[in-house]
Amino acid sequence: MAGSSYGKLFQITTWGESHGKALGVVIDGCPAGLPLSEDDIQIFLNRRKPGQTRISTPRKEDDNVEILSGVFEGKTTGTPISLMVRNTSQRSSDYGEIAEYYRPGHADYTFDAKYGFRDYRGGGRSSGRETIGRVAAGAVASKILQQLGIRLTAYTRSIGPVTIEDSRFDAQAILETPTCMPDRQASEKAEAYLAECMKNYDSAGGVIECVVEGCPAGIGEPVFDKLDAALSKAIMSIGAVKAVEIGDGILAAQHKGSENNDAFRMQNSQAVKSTNHAGGILGGISDGSTIVLRAHVKPTPSIFSKQQTVNRQGEEIEIAIKGRHDPVIVPRAVVVVESMTAVTLLDALLVNMGAKMEHLQKIYQE
Amino acid sequence: MAGSSYGKLFQITTWGESHGKALGVVIDGCPAGLPLSEDDIQIFLNRRKPGQTRISTPRKEDDNVEILSGVFEGKTTGTPISLMVRNTSQRSSDYGEIAEYYRPGHADYTFDAKYGFRDYRGGGRSSGRETIGRVAAGAVASKILQQLGIRLTAYTRSIGPVTIEDSRFDAQAILETPTCMPDRQASEKAEAYLAECMKNYDSAGGVIECVVEGCPAGIGEPVFDKLDAALSKAIMSIGAVKAVEIGDGILAAQHKGSENNDAFRMQNSQAVKSTNHAGGILGGISDGSTIVLRAHVKPTPSIFSKQQTVNRQGEEIEIAIKGRHDPVIVPRAVVVVESMTAVTLLDALLVNMGAKMEHLQKIYQE
Amino acid sequence: MAGSSYGKLFQITTWGESHGKALGVVIDGCPAGLPLSEDDIQIFLNRRKPGQTRISTPRKEDDNVEILSGVFEGKTTGTPISLMVRNTSQRSSDYGEIAEYYRPGHADYTFDAKYGFRDYRGGGRSSGRETIGRVAAGAVASKILQQLGIRLTAYTRSIGPVTIEDSRFDAQAILETPTCMPDRQASEKAEAYLAECMKNYDSAGGVIECVVEGCPAGIGEPVFDKLDAALSKAIMSIGAVKAVEIGDGILAAQHKGSENNDAFRMQNSQAVKSTNHAGGILGGISDGSTIVLRAHVKPTPSIFSKQQTVNRQGEEIEIAIKGRHDPVIVPRAVVVVESMTAVTLLDALLVNMGAKMEHLQKIYQE
Amino acid sequence: MAGSSYGKLFQITTWGESHGKALGVVIDGCPAGLPLSEDDIQIFLNRRKPGQTRISTPRKEDDNVEILSGVFEGKTTGTPISLMVRNTSQRSSDYGEIAEYYRPGHADYTFDAKYGFRDYRGGGRSSGRETIGRVAAGAVASKILQQLGIRLTAYTRSIGPVTIEDSRFDAQAILETPTCMPDRQASEKAEAYLAECMKNYDSAGGVIECVVEGCPAGIGEPVFDKLDAALSKAIMSIGAVKAVEIGDGILAAQHKGSENNDAFRMQNSQAVKSTNHAGGILGGISDGSTIVLRAHVKPTPSIFSKQQTVNRQGEEIEIAIKGRHDPVIVPRAVVVVESMTAVTLLDALLVNMGAKMEHLQKIYQE
């Protein structure tokens, strides 16, 4: 497989290029009986939609999703759900020039090295539009998780030097600020920082955090398919992510054992952790606490200032990228992180159903 | 699958518990015709062997590997290579006590939550001894990579607050210092720090770095199976790793686009990058530069100081862990990081063989 | 996964219901650089098109394929190829009645047992239209095989009691007779037999044979992924197939060793077999001879005569199926058998590329 | 993967060569909490043991299994179960001669074509001893199925021209006749036939049937992973099998729709089929009836009469195979067919656990 499929039991297969006819995803393994409409998915897609604010690209794209299969009389049937978004706003002419050279920080060079040539229009398959399929699938996974009492929240933790204050955490702000920060004050600072970046023909990076509440203990497999390992792959597979942390992450490596260990205590007749440095995962398996992960996103590689590069003929040249580009990828990637987390967690829940004889007996011997 | 297999074409399946009869790995998909002996593997296993210095556990384990299949007349045959290490030093009596309670920072609680009970002896399957199979497989993968001109080097970057100086980098020191640091001066500081930790019944974490030189451009798949995504899963699946970085990693998220982009230039008629903030991977595909990754490892959870926890009966108790435990996991995990990187990269090289028609024609039409 | 994906490296994922909006397939892992047009695929789809002769359903369906991604400037790019066929001729009203009862020989009952309900229109996902995606993918696989000098031919071997005579084998007749028989005389007899069946409100079964010429020796994996095992799954996964044979098949079980063994001899300095009872596969690996397989297809379950069954309310009822149904599935399934064989063989060729060190050196060390 | 692993959730990985140090299997994904002892597995292994009667090879092999991991205090822990059988009776000297030529009907030639060379001792990996791992895993799968009320029975249906009479079916005879036929009279005829074959330095083939009772309706996935497709692969992957039938199999292709369709009726408030031509599977999904499959096994290729072949130097030669060989493979393959059926069915049961929301709610919301 060329890696356009993800998941063992809840398997998503995405397809499509930035400037091709359409993009989409096929979801195989969705349990039957879930109420599902195009609106459920559109709400997620709208969260990654460009053209909403001054810090995202001015392209106007509708990105309207169409359910082509797998839903009948308003419910999933258990058969593959095919979701498609037609490309409507592509202006290939903008990109003709980049056919001939390799943009720094982009996948132009590596696609040529791998395949011999590439669909250069808008980055082709390596475009951020590739995430449309991930987000559409994430909407479905999230709806299932919700029905099982599991809630995901992703948001921008920082942009450039601006970081949110946990004391000002305001969940509503995630959907209302252009930065997707849950802290309106930090968001304003970040907007100012981005305006400065744009003025300098430059771009910024940042950090996305995702928390999962209500996940039962026992999810994830103990060796290669640890829940944190699976999440790391899911998150790192999002273009522009350069680091992933679970719980205290890099700080854990700097702490002592006595600081990092989470003590257990009893609460409502259940073992719980007094602290959560582990980020909800011990030995690769969920421990019943809140799962916490962070994705570190590099600055947008498409910047308008001059850059040195080479062209396909092997000549060194100087370029200045044109077109429509976000000064920061982070806010639009928030829903992608949330989606990949949802898909990964649902898959782990499905795999875990066979973990013990008791489960088989519950399904097959009642 | 319960996730004890890893890899798509070069597939490794590990098995075994800390205090069971043996541990091992089955390697399926190893190309035929590779010269391979038990010594090739033993050299790797010896790098993770305890009992070598005062900062590792005083257990004396021989961990002698036996090749049970897949090698004939000194060469791999293409059929599964089964490798086994008998457990010889297990003293189960040390561990009887932990059967009844949940050690903070360990997988005791989550195994019980998942499976209903657990092999508690020495951590069972969640023990560090699980990595024996990974390292044995890594030895095989590394030998193949070496034959293709690809060289891996992993080492300790930091322990607690002590970090190596790149200017003092000394590859030989990796194998000679008890910390696996490539900087003898830093290693001495780290040893002193660890001695202090031990005196305080405490433990430390640290950072492991792995670099890959000589990897051709074009390796890795562009969407979910990005090379960096696959490496992240591989590394995060090692017990105790809490964060993974590629290239500049978390720093990339703090830099501007103009700082983070790597310009291309020509060198020996080939496009190369002037800098390597990307860590050798663009758009999930290797770019021909050195691949750089870092694993952040939490402090050893087994500490001798008193800790609060609960037992299986749901009572809150205070415990003090006994037994033999390294004050830091990092040095023994260095070869594990190197091994998982080797296995992941080899698998990606195999998958990439079908990337273009030209490759098929080269194999099937000569 | 719910099993709508097939293949390890050349992976196809099909989706769509008989009377949904559309049907399609995503092909992931197609090598880059293959010239590919919609016409290449349409030619295959036309071979399974109904409404062409008096022995197939009178539905007029255009089944026009659209390439939505993965092809740029007339060549495959290595990224997923999404192919879609819109449903245009669906008349759901025909099928309202079958919502309530279980047609004998169909999957109505088992879908309800598995998923709790089903999209009953035209059989939903269990309809023969599900094979559109298989055939579209088969067209792509066949084109690649062709470029490597591998040729596939599938045809009807028998319908009911009528079997072709090998001495009258006429390849052109496969595409020209309504039965897809390579024997015009047998075809006429079969047509007469089918006319009789239709007159009696009954249906017939038959046998499809597929031969592969030009496959190099060494393809297929020796244990679970034997080439014949993979082909068996591929063929048996086509609805209505009830038996699969390789080479002499069931006759082999009746022969003695001295009859069944194929002697080796030399031809053009190469080892060849004097006979081919094995059907081109020894120990699960291709031996360089013609690969021969046969699929035994049950009679169309939709017959117009009266049948006993039960409805969803658990009442025993008598039904007479209405609508448009072929009296035999065989002719339209010929191209499906050829397609599944092509996809399976291409996948095996790709997996085999890593079988020996020599191959890796050829790709990575020139 | 080189295909030594099988199964999606209950995954078995076999390893070992006929004359290597040992053979074995790693079972990953076995549910925790199953009581399991070496005896449970040994009983199955003894059924494939040679040296028991005059129609099987006189080799005395103990084939004692050792559980190396995954079982603690008499129960499976959910972690990989590693099972090993040491080779004790290997006499490599018997086989030195075959290193240089290609035995007709064997995999010698194809292994050389694929890998460049082979472990020729006793057939190496292509030996019937490879099935030890399959049978050991089958013992575990069967025990789980048994606990869920699902019973498997495999037996010899025919050897050469001798077929059992259903009216004389005697389950006890399967374990007591040297042919594994459930008909003592047929068994005696078959033994006489085999004695004749041996006298003529020849060998025979036959048919194995396997029936599964108590399987709930709804198991199997509707497209590529149909239960019959999965079973076909499982069975065809056993060396020497050349055809697989489900239910009426090849006869179905000769019958009319009115003969082949199974009517539904009510029994104990449940829909059941009045006949079972389908063999318990409709649309790839179990229908609650008895599952019936047949494997057609070719005659032993190792015969003592003279045969034409070529050697590695490309010379045409005449050979007469020596050593110890069964005149028929069928009786010893009976337990292999049963084992592969058990493993496949258990895997399908596990995958099906996520088929509907109701199942997820049952596991995660009580």
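Think of it as A, B, C and D in the order they're written, each chain with its own count starting at 1.
By definition in this document, a contact is a pair of C-beta atoms (placed from the backbone, for glycine too) under 8 Å apart; a residue touches a chain by one contact, two chains touch by 3 or more.
This structure is a prediction, so every number in the text was calculated from the model and none was measured.
Using each chain's Cα centroid, which is most distant from the centroid of chain B?
Greatest centre separation from chain B goes to chain C.
Which chain pair is joined by more contacting C-beta pairs, A-C or C-D?
C-D
Using CA atom averages as chain centres, what separation in Å is found between chain B and chain C?
Distance between chain centres, rounded to whole Å: 44 Å.
Could you please state the distance in Å, as a whole number, between where the Cα atoms of chain A are centred and where those of chain C are centred?
Here the centre of chain C sits 38 Å away from the centre of chain A.
If you average the CA atoms of chain C and of chain D, how far apart do the two points sit, in angstrom?
Computed value for the inter-centroid distance: 26 Å.
Would you please write down the residue numbers of chain C that are in contact with two or more other chains?
In chain C, residues 1-5, 8-9, 14, 29, 32-33, 78-79, 114-116, 125, 216, 222, 351, 355-356, 358 touch at least two other chains, as defined above.
Sort out for me which residues of chain B touch chain C in the complex.
8-10, 29, 31-34, 78-79, 144, 147-149, 216, 222, 349-351, 353-365
Contact residues on chain B for chain A in the complex?
1-6, 8, 14, 102, 104-107, 109-111, 113-116, 125-126, 130, 158, 160-161, 197, 200-207, 216-226, 228-237, 239, 242-250, 252-266, 269, 271, 274, 278-279, 281-288, 296-303, 305, 307-310, 314-316, 351-352, 355-356, 358
Applying the document's contact rule, which stretches of chain A touch chain C when the two form their complex?
By the definition above, chain A touches chain C via 1-5, 7-9, 11, 13-17, 20-24, 26, 28-30, 32-33, 66-70, 72, 75, 77-82, 84, 114-119, 124-125.
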